[in-house]
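Should a chain be cited, it is by its letter among A, B, C and D, assigned in written order, with residues numbered from 1 in that chain.
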């Protein structure tokens, strides 16, 4: 007989290394033609940090994503960004890149303020333009519209007294011998943990998540089949929603493998499962539909409110599956993985 | 141990060369022909990163001797598209966020192509089944299946050219 | 928030085109003229003292360019992210602590010749009794893997008065949990290429931390950090498994010794057998609440088997200790987390870093507690969830961005769309 | 890997080549042989690639029997209209082999020749009463499939012999066959236990049965005792359950990295029970139709 059950599990995860300094640095070079070079030590291992850091630079500088090129993870040219681990790069390198971008921007903002006869605090950067800030967002949009209309009409944008193009601004800077370069580094605000009590401030911010999983358990064989997963993750702010979903979906898959099938078996120190025939990962047929829900509770210290999602994605999955199995058949497995033989043995003990 | 002359069609172009009998097809591609888009993940047919198409069918090139290419039509990821004209599957993989580390991507694309070429409008379950020999550790497969499904909905393998 | 122009938009991933075209260069794809291939000779015993390594026959094999042993390391012969306890190559007279410890390196004109040469190296080892169980390893009479003992680190969390609080609890749940050793299983096995560029050692490698790699190469090769350049090749997944050094230092040694470009690629077998693993945990949890389900006290002990070397072990167990009570406010907390050496494969960082293990335990606890109290899994979590103003087990006050309640609500609402959920 | 590579183009050429040849291994799809060579489990001096021999390919329907060429791939088998009509259980078994890539390359003859106790097509072939034709320069013989396996990875094939064809009985009206498999996951899975059953039901009782299990011993096995016991009994749940119990008691599986022996026994029981249930259902459905 097959029985269904639903299980829930939550998690929290401190972003960055635990109670240890873990800074990251970045350089931003705003080039003559308005394109941008970001230098970061951050290693993109497929999770998409390069794209997220480019977005952060583009947003801060008011340029298009296509204007930004990221050179990453080359110790000959990029500053140390620490490890791509602890779900820290969006938060820590993200802040470093943003700070570097702000520093580079300050040079052109100063030139723009002078040209437009306003204070630097009144300048906003967007759509490759530096524009005088107006009272409300609505009127700011109007100014943006104005610049776009000028472009559409073939006029040089920025001739309006209220805005100036970034390229023109850079030219003004160069004419004065100024380079628009910035560097930034960020270290999360933490303290070490007391050796005896463990008290302290190990992380500057935490990610949170809850997953709900439905399973089907075959009561004659103990086989657990995961039917669907719902995963809600508080990422602070999703810099790139599709990549956040990708992290969640991939995390759930690893979590499912951890829950049900993956186990390095070691016999007298020798790995007995050293190939993909014996160490089995979930295939496309093993991963069920996953509903990713992005929750955004912005972190004050995060770049645009962002925290991290890489590791949180897999943390609750195994626990939720274990709870779902209990819900389905009343068997609580307390040692991972939840293999069919364990489930069946406990079911048969129950009688 | 004597060398053999083999002839085959690779990405639409005829090829003729001499190979040692023990040479694996994946090594011929990667090392002799410089086509490094085909990856080696396990070397034992368990991951599908080395997938190529032989006469339209997806096979593991890590388990194939180069001599066995003789007389066949072979497609690797380099034969799918280029910078100027991406294959619809390549476009869909990008648009749907199906690429993370990218190591499984070439093999995954070729498995997808081998499905759509014979079954232009597969159901989601059929897609999952057909890529079940291609392991992906990053994506959880969801967006990969989405991308293949997108191409299937847009006309699949029928009117791509 | 809505007026962000780029943030919050799913722009095209910057590396996607190269990856779908198959032109992105992973380390194994990099070729140089005159390139040679490196292989590693590894220990077949789990615990012992290396008596001798005879490389004569291997060196004499045609096609072999270089054979290196522990005596050929110019700088420090140790590495490790937290503790430098891992040998680059075990030297004569030094200890072997696990199967797979590197003993010698071979560089040859082809991979096949390099493999053949490995089989010609003769190694003598004085085998020692080994210990594979962390609980056994903690005992006084266990074989000592390190002089200072097998318990590498203990992390304690103490907050409030646990004993007193448990006495006041209406419901107490006590349960043991265990989790298995797991493998990252990135689809790209470890690979790298090293090449001398004048007096600069350049290494292209799949890695999660090129700057750490560079520091290790500089220390072990005894050259200035400014003479090492580590370039991350396109990397086929990591999940924590490419934080430790694999081929990096070995490649540097071989490149300097041979002055030729050298490549190393691990087979899947070599990768799984020798890379770090997710720590297996043995946990004991005790949670107590009042009659309404409000957690009053929490106690846990965690033993993590870190294997033969520290890697990220102490960091993992510290993180586990901090997170083991879950995303809940508990005023009284007592946690002891032990990082223990054994002669098993070394465990290190793996996606989640000690938290998936403890989450399995603390979330099972919450469901058991909910059942005892007759409340739903959702309710028990909502009662206890951290909120702005809550204090964590480490006494940290949470001020902003505490979205656990929102995720509980969103996940439940999402589940209700497709599941028959009656909470 | 070092070997002499041979690629005969006909059976005559193959038989002549193998005659007197020492230390050789036949290569078909290569999905098992290549792995064994890479892992250095075998290192034959001669590798004889039979994949170019046309007469070893194809599926043919002859009077009362189906002939499967040993070079038929699992993909061809699972897609074959005639096989799906006559031996759907075998097609299902073929569809459970490895992955799409493995099924495109791997062959039925290879699956037999490799003699893995976990081979997925083998229990189905056994349940369909498969006979294997073994040819050599010295002649030809037909053997029931279960006589071919002598141990894990070992067949009874004598030096010079090759598999020239496989005959199976089609499932006729009043008969049914079923296959089931348990693995650690839903694809790319090496069977923890697999099995198949064939039954003939006449007048509301089982009049003949064949049951086969894989991964429960050094070779795939037929459960002759249980097959005999079933004859004359009604196809009903209690009977299937008892047959399952007999299966659990008769098999001698091992513990390995995939599963414990105890659980394998329990799965053997469920496999037999479920296969019998499905096979008799099929047999009786056909009865009803006619």
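Just so we're on the same page, a contact is a pair of C-beta atoms (placed from the backbone, for glycine too) under 8 Å apart; a residue touches a chain by one contact, two chains touch by 3 or more.
Keep in mind it's a predicted model, so treat the numbers as computed, not measured.
Asks: Name the chain whose C-alpha centroid is most distant from the C-alpha centroid of chain D.
Replies: It is A whose centre lies farthest from that of chain D.
Asks: I'd like the most central chain, judged by C-alpha centroids against the all-protein C-alpha centroid.
Replies: Central by C-alpha mean position: chain C.
Asks: Max contacts between which two chains?
Replies: A-C
Asks: Suppose each chain is reduced to the average of its Cα coordinates; what separation in Å results between chain B and chain D?
Replies: Chain centres of chain B and chain D, defined by C-alpha means, are spaced 30 Å apart.
Asks: Would you mind pulling out the distance in Å between where the CA atoms of chain B average out and where those of chain C do?
Replies: Spacing between the chain centres: roughly 32 Å.
Asks: For chain A and chain C, let me know how many angstrom lie between their CA-based centres, rounded off.
Replies: Here chain A and chain C have centroids separated by 20 Å.
Asks: Could you pull out the residues of chain B that touch at least 2 other chains?
Replies: Within chain B, residues 41-44, 46-47, 97, 100-103, 129, 131-138 contact more than one other chain.
Asks: Touching at least two other chains at once: which residues of chain D meet that condition?
Replies: In chain D, 99, 186-188 touch at least two other chains.
Asks: Of all the residues in chain C, which ones touch at least 2 other chains?
Replies: 10, 12-13, 15, 185, 235-237, 239, 268
Asks: Which pairs of chains touch each other?
Replies: The set of touching chain pairs is A-B, A-C, A-D, B-C, B-D.
Asks: Residues of chain A touching chain D in their complex?
Replies: So the residues of chain A in touch with chain D come to 220-223, 261, 265, 272-273, 276-278, 280, 282-286, 340-341, 344-345.
Asks: Sort out for me which residues of chain D touch chain B in the complex.
Replies: These residues of chain D touch chain B: 1-5, 7, 27, 30-31, 34-35, 38-39, 47, 49, 51, 75, 98-102, 104-105, 186-188.
Asks: Which residues of chain B touch chain D in the complex?
Replies: 1, 4, 21-22, 43-46, 48, 51, 54, 57-60, 62-65, 67-68, 111, 114, 129-135
Asks: Quick check on the complex: what are the chain B residues that touch chain A?
Replies: 41-42, 44, 46-47, 96-97, 100-103, 127-129, 131-145
Asks: Could you please specify the touching residues of chain A with respect to chain B in the complex?
Replies: 45-48, 242-243, 245-246, 248-254, 275-277, 281, 283-285, 287, 289-290
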